[in-house]
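Next up: some structures, all given as structure tokens.
Both complexes below contain subunit A, partnered by subunit B and then by subunit C.
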Partner chain A sequence: MPSATSDARVLIQSLSRAYAATPTNLKIIDLYVVFAVATALVQVAYMGLVGTFPFNSFLSGVLSCIGTAVLAVCLRIQVNKDNKEFKDLPPERAFADFVLCNLVLHLVIMNFLG
Partner chain B sequence: MAEPEVSSAASAGGWRLRNAFGGVLCAFTLLLIGVLAFSIRLFSVIKYESVIHEFDPYFNFRVTQFLSKNGIYEFWNWFDDRTWYPLGRVIGGTVYPGLTLTAGTIWWLLNSLNIPLSVETVCVFTAPIFSANASWATYLLTKEAKGTGAGLMAAAILAMVPSYISRSVAGSYDNEAVAIFALIFTFYLYVKTLNTGSLFYATLNALSYFYMVCSWGGYTFIINLIPMHVLLCIVTGRYSSRLYIAYAPLVILGTLLAALVPVVGFNAVMTSEHFASFLVFIILHVVALVYYIKGLLTPRLFKVAMTFVITVGLTYASKYIPIIASVSEHQPPTWPSYFMDINVLAFLIPAGIISCFLPLSDASSFMVLYLVTAVYFSGVMVRLMLVLAPAACILSGIALSAAFDVLTRSIKFQLSKLFDDSPAASGDSSPESSSAGTVNTNSTKSESRTEKSETAPKEKPSKKNRKKEKEVAESVPVRPKKEKRLLVLPFELSVMGILLLIVLGGFYVVHCVWAAAEAYSAPSIVLTSRNRDGLHVFDDFREAYGWLSHNTDVDDKVASWWDYGYQTTAMANRTVIVDNNTWNNTHIATVGTAMSSPEKAAWEIFNSLDVKYVLVVFGGLVGYPSDDINKFLWMVRIGGGVFPHIKEADYLRDGNYRVDAQATPTMLNCLMYKLCYYRFVETDGKGYDRVRGYEIGKKHFKLTHFEEVFTTHHWMVRIYKLKPQKNRVRGKLKKLKSNSKTSSTLAAGQKKNPWQ
Partner chain C sequence: MAGRRLAPAALLILFVAAAVTPFSSAVRRVSDAHRSAAAELFASSADGSFGDLESTYEAVRTFQILGVKDKSLTGKVCKFAAEKLASPASSPAKDLFHAVRISGALGCSVDAGVYDGVVARLKAVIKDTNSLLEFYYSVGGLLSIKVQGHNVVLSDAESTFHSIKALSQSDGRWRYDTNSAESSTFAAGIALEALAGVVSLADAEVDPSMIGVVKNDIVKLFDTIKSYDDGTFYFDEKHVDADEYKGPITTSASVVRGVSSFASVVSGKLNIPGEKILGLAKFFLGIGLPGSSKDCFNQIEALSFLENNRVFVPLILSLPSKVLSLTSKDQLKVEVTTVFGSAAPPLKVNLVQVLGSDSKVITSEKKELQYDRENNVHYLDIAPLKIDVGKYSLVFEISLQEVEQETAYATGGTNTESVFITGLIKVDKAEIGISDNDAGTVESVEKLDLLKDSKVSLSANHLQKLRLSFQLTTPLGKTFKPHQVFLKLKHESKVEHLFVDFLGLVEKFYYLSGRYDLELSVGDAVMENSFLRALGHLDLDLPEAPEKAPRPPAQAVDPFSKFGPKAEISHIFRAPEKRPPKELSLAFTGLTLLPFIGFLIGLMRLGVNFKNFPSLPGPAAFASLFHAGIGAVLLLYVLFWVKLDLFTTLKYLGFLGIFLVFVGHRTLSYLSSASAKQKTA
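== the complex of A and B ==
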């Protein structure tokens, strides 16, 4: 028992230490991802309160949050300097792809919002 | 030291020239493959005429006509009241719009360029154009998996494979014509994203998936195969960040885009067919998180974290297991149909599977998975052999290309040994590329030997794309020894092998052309037969529809069995009661009951539906086997399934449907019998039915409630009109008495006819 809690504490400490070492731009992207997922959860909670009636609006709202979170994670993967697979990819290109994909996503969302 | 540098520079320049020439040759071969794919599908246009085939394409054609006349907003909101009278059908919400929008766009584009092609011409030729596109997409897909050589081979094979030809001849204007192209193109973009990890291709992938959802109900194959492949990659330890980029945006964007299509709507998130993609989405995120944390922590702490998570998480994981329902409604195929449809490819596929494993990459594992699932599904439903065709072609292309690779390499090696007497030591002895499976152009191999001779391509059939270099018998330095032992076969064996493979390809081509010309080019609306005088054409269907459109009012309703619904609305432009969409079983059962009832009861049923004309198809005079009498048992069964007063046993004599003297009285009195055989005895005096093979039972009879208005030239289509109700009903008192009798017999437990 005590080993478990002390293990957990060591675990959390090392995790936070390792995470603090990541560069700032990646931390900003992580914050954006957390924000998007939180928004999605808020929408789901609201749906639980008032019901699903305009279901397409609910779907498009939640999926737009999750979609932009996923795309931000993809951007983070491509921009991360520790990733050996993407070291030839200029970060501007990664950001341009991110913007394009978000454009398509939000075009579809606005069409589906109803 | 200087000599190798100079020679390497020269070889680099020569290599670039050869590369450019190879590129031009490749493009030219692709163009020829496109032309081949287009022209092999034109047999029906040459043999018959440029006409739309079968039944379903007529519906698509009518929808495209409406789109071209009224524009896209009208089409999107179209409620069709000329079919399924009096229910109507919401076209905008129940049709897959991809095909009609594609053909409509092509027509509009051509017309705005002042090329006045009619809608019918565009519809007839849409399928061959898109099969050319599909073979180019196959080239791209196979190139991503195995290289250019395999790509060209697979494209050439797909251009001709009979299974795909059967659903995409000129005139077969059906969803599969466009959907197979969308399928292959989506797979290509997925594999490309997997190989490059570019978000741009992921976006294109989602858009191509949207096009597939618009076109065909078979899009569920894609949205289940790709998650399976992702799962396979995770399980075999091939997880990478490119996998995440390839899959996660596709799920979100793809679900949204699929929900945009009205036919799919909310099914995109609520039916079991899509659950696999969501489940794998969650699994992928879990795996990605695990890898991320693994990167952050030391191995010991990672083990601690894992034990933590597993003990807590296992309790939740066992609750949600999606069920992917697979429904098999059609017949499973037989072995001969496999050989007919994919021919030689059937035994090239296992070789292709083996070749995919040397070496195994993400893309080649995708190919193998696609093939295995396609084989399973094609074994369940013969219509899904069409989905197997691209996979079979790709793997056969890979196999053939690898075989040619080995054989030509052997020939080159043996030839070079032949021309070289002494093994002269050369400066550069860079080892050949050691991976046995790469099928690049000769450039990499030629880099290793410096050649002073000019390269000249040998003459070869158009299927092969790789250049072979003829070595001049001068002093040609050759590699002293290979670093890695590659497979080299003896010279005669290689030559024989190449010749035999070419002969095999020749058999394949001959079979495909024969299948396209004879087996799959029948438009089925025009029939032909050969007799001593030559070709005899039966154009009865169009004759009947033409008569209907010229001799009846626009608002008249025509009742027939559902097979002919689409053709009647498209060609005769009259309202029908039931058509090929078969979405309402009770309505079809009503028509079936009417066809199986005696004349008076049938008249009552048809009158309640405002029907004016009844159309039956009869093949007894000329021997056309798929006429309504042969389909009659389905009318009885479907009608009896909904209205229990129709009992199938009443129509059977010893378990068989008969229409000769042995037939049951119910059979001889039903409307279908009477409408088909009315005045039939006048043709030859005996009433001999060529399809059934015997003389009919009741030969001389009159119709009381119907009158014949038209019979086509070969008696294949017969049209009858409902006689109006009599003004005076004689014997009214008798009718009252019989009514009281029926109400008393009801107590005995007889089934009540709802129309009396």
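== the complex of A and C ==
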């Protein structure tokens, strides 16, 4: 139905225009999240192909990606200037938390990797 | 074949031996067997000594009583004793006591002067001591010197008597000295011996009332005597775990010595029942051939004191042979002697009762045994008694012919002894046959002569029954039921079956058909002609074995084949997981890196720059360190995955973390202040 596709196109265009307005640092974070999730998907696809044999390694890899994505989302929330809740939190502090949590996550991941 | 013939004879002997042994431990008088046992136990070492003085004395005294003379040793032992006597002042009383007694027993010639010195020393010991053992040794030594012909008199004997008596207890036992609390039966024995010695050595008569008190003590002591069921009496200490526990043989011997010695020096009789003296004699004889030299000495010396003592002389009744054969018309023979085998006074022996197994009374007629003076044996023909073969208990009664002798001799009333009466068992009416059913309509019967081997040939199948019958009669014509009856069937492949009754089960034969050899063995302790006979052979026709039937036991008994190595078990490991091909894994590793590349490209497209990197050197340094720190942590993680363990990693992480926190704090606070300035600016 031509109207459906054209409506979808209009919707996507408006979304992308709106997205272009977001500040660069948030875009960086979004890109990072996309990167992490993509890595996770690649690993899941591999697992689907060859089986779950070193299951701990698989879990470790996937959880590392998902975990870091989650932390990045948290960072984005805290850094976003439009977010009233975190108005008083300096972004550097949020970034420091992000770094620290990532380091702990990756320690656990490396231990579980085997 | 010869081996199989011997088997029932051996069985019979074994059975007889096993059955007779409990009765053969009944008392027999001292005999040559005791002499050789003593010679073995008291073997002297090369230089002619038997060890220390006490052991030497025990050896010498035992040989003296048994009449064993060894002239070669006498000289050496006399010299050994003389050495001890030479310096009395330095030797303890115990050594002098044994040395003097050794000289007395061997008849060594000792200088009178030497004995004077010894006497003086022993008298000094008596004056000073309070200990029972010291009294015993010194009084005993003096007594022995007096017996050897030297003149010794103990002045002030009454006070010595008192001192020894003071150590007695109310139950007839004695203490060793005034300090010890425990009383001992052994001590009572040596105290009585010492008191007897004092009475002999005294220059004046000892107060008769004191002697009466001691007589009472002896009666009380005999109240503590212990006994076994068969009339044996013995003395033992009250507390087995006491310091100086010596065992029943030593303790009983000590009491016998003491009581006999005391009875021989005092006038009047001691009020002790004769059965206890007889019980003590039975105890010592019942030891048989003793195992240790000390036990041997105590046994022989105690028996020698019992042989002729003034209390009661025990008379022992014994049977030279416990197996009487009806076939050879054996006579029942009984001996009554003293413990050392000397003749008893004139007496009569009556057979009062004959009891069969289960104590069933066979006859109660009193039969007097006739006396054979030459061999000192009482005998009786048993044929007129009409007693059949079997095991019996005979009850005897001894009665002394002179009534006054009854106060001097202990006979023990009735004595019970067990005997076996054996005879030839007649076997006849032997038949063997196969019958079709229980009713016994015999298909084929053959008469057997069981006095010799037979060669019967039979055949049967599993539906028929094998019947073997025979009759056994005793010499008196009664039917006899033997103790052991076996029928043995032996297959060609050497599989054997033993039947105690005559019903065989097909399954027991392992379903092996074929030819079986038959053997019959009949035996009993009282049967003089037990036999093992080959009867012939039997062809058995048995049905096929069903699958679950037991197989015959494997006949090849090669011991090595039983214990050879077993089959090797190989461990089955878990099959390893299937791994994907290497190329695929590598491909996907590359694929994993793709999003990272995409990330970097995206960053560049977004216009990422390092503008905010602090330009001033100080903050710049911190910023660099911050990044370096993060990089170091990540490197540490890689190392952790590759080779480090968790604890090392945590240790380094700790250091790096602290560093990173510090540096990061500086950097970020600088950046935040910088951005705040920018905002306000």
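Note that the second predicted complex is superposed on the first by the 114 of 114 C-alpha atoms of A that agree within 3 Å, B and C clash if a C-alpha of one lies under 4 Å from a C-alpha of the other, contacts with A are read in each partner's own complex, and residues count from 1 in each chain.
By definition in this document, contacts are C-beta pairs under 8 Å (C-beta built on N, C-alpha and C of every residue); 3 or more make two chains touch, one makes a residue touch a chain.
Treat the numbers as computed from the prediction; the structure is a model and nothing was measured.
**Student:** Between subunit B (first) and subunit C (second), which does A:90 come into contact with in this model arrangement: first, second, both, or neither?
**Tutor:** Second partner only.
**Student:** Answer with first, second, both or neither: which of subunit B and subunit C does A:110 touch in the superposed model?
**Tutor:** second
**Student:** Report, in rising order, the residues of subunit A that make contact with subunit B in one complex and with subunit C in the other.
**Tutor:** Comparing the two interfaces on subunit A, one with subunit B and one with subunit C, the shared residues are 111.
**Student:** Which subunit A residues qualify as touching subunit B in the complex?
**Tutor:** Its residues touching subunit B are 7-8, 10-11, 14-15, 18-19, 55-56, 59-60, 63, 66-67, 70-71, 73-75, 77-78, 82-83, 85-86, 94, 97-98, 100-101, 104-105, 108-109, 111-112.
**Student:** Considering only the defined contacts, which subunit C positions touch subunit A in the complex?
**Tutor:** Residues 577-580, 584-585, 588, 591-592, 594-596, 598-599, 602-603, 606-608, 630, 633-634, 637-638, 640-641, 646, 649, 653, 657, 664-665, 668-669, 671-672, 675.
**Student:** Which part of subunit B faces subunit A closely enough to touch in the complex?
**Tutor:** For this pair, the touching residues of subunit B are 197-200, 202-203, 206-207, 240-242, 244-245, 248-249, 252-253, 255-257, 259-260, 266, 269, 288, 293, 295-298, 301, 304-305, 308.
**Student:** Subunit C touches which residues of subunit A in the complex?
**Tutor:** Touch list, subunit A to subunit C: 24, 27-28, 31-32, 34-36, 38-39, 42-43, 45-46, 49-51, 53, 90-93, 95-96, 99, 103, 106-107, 110-111, 113.
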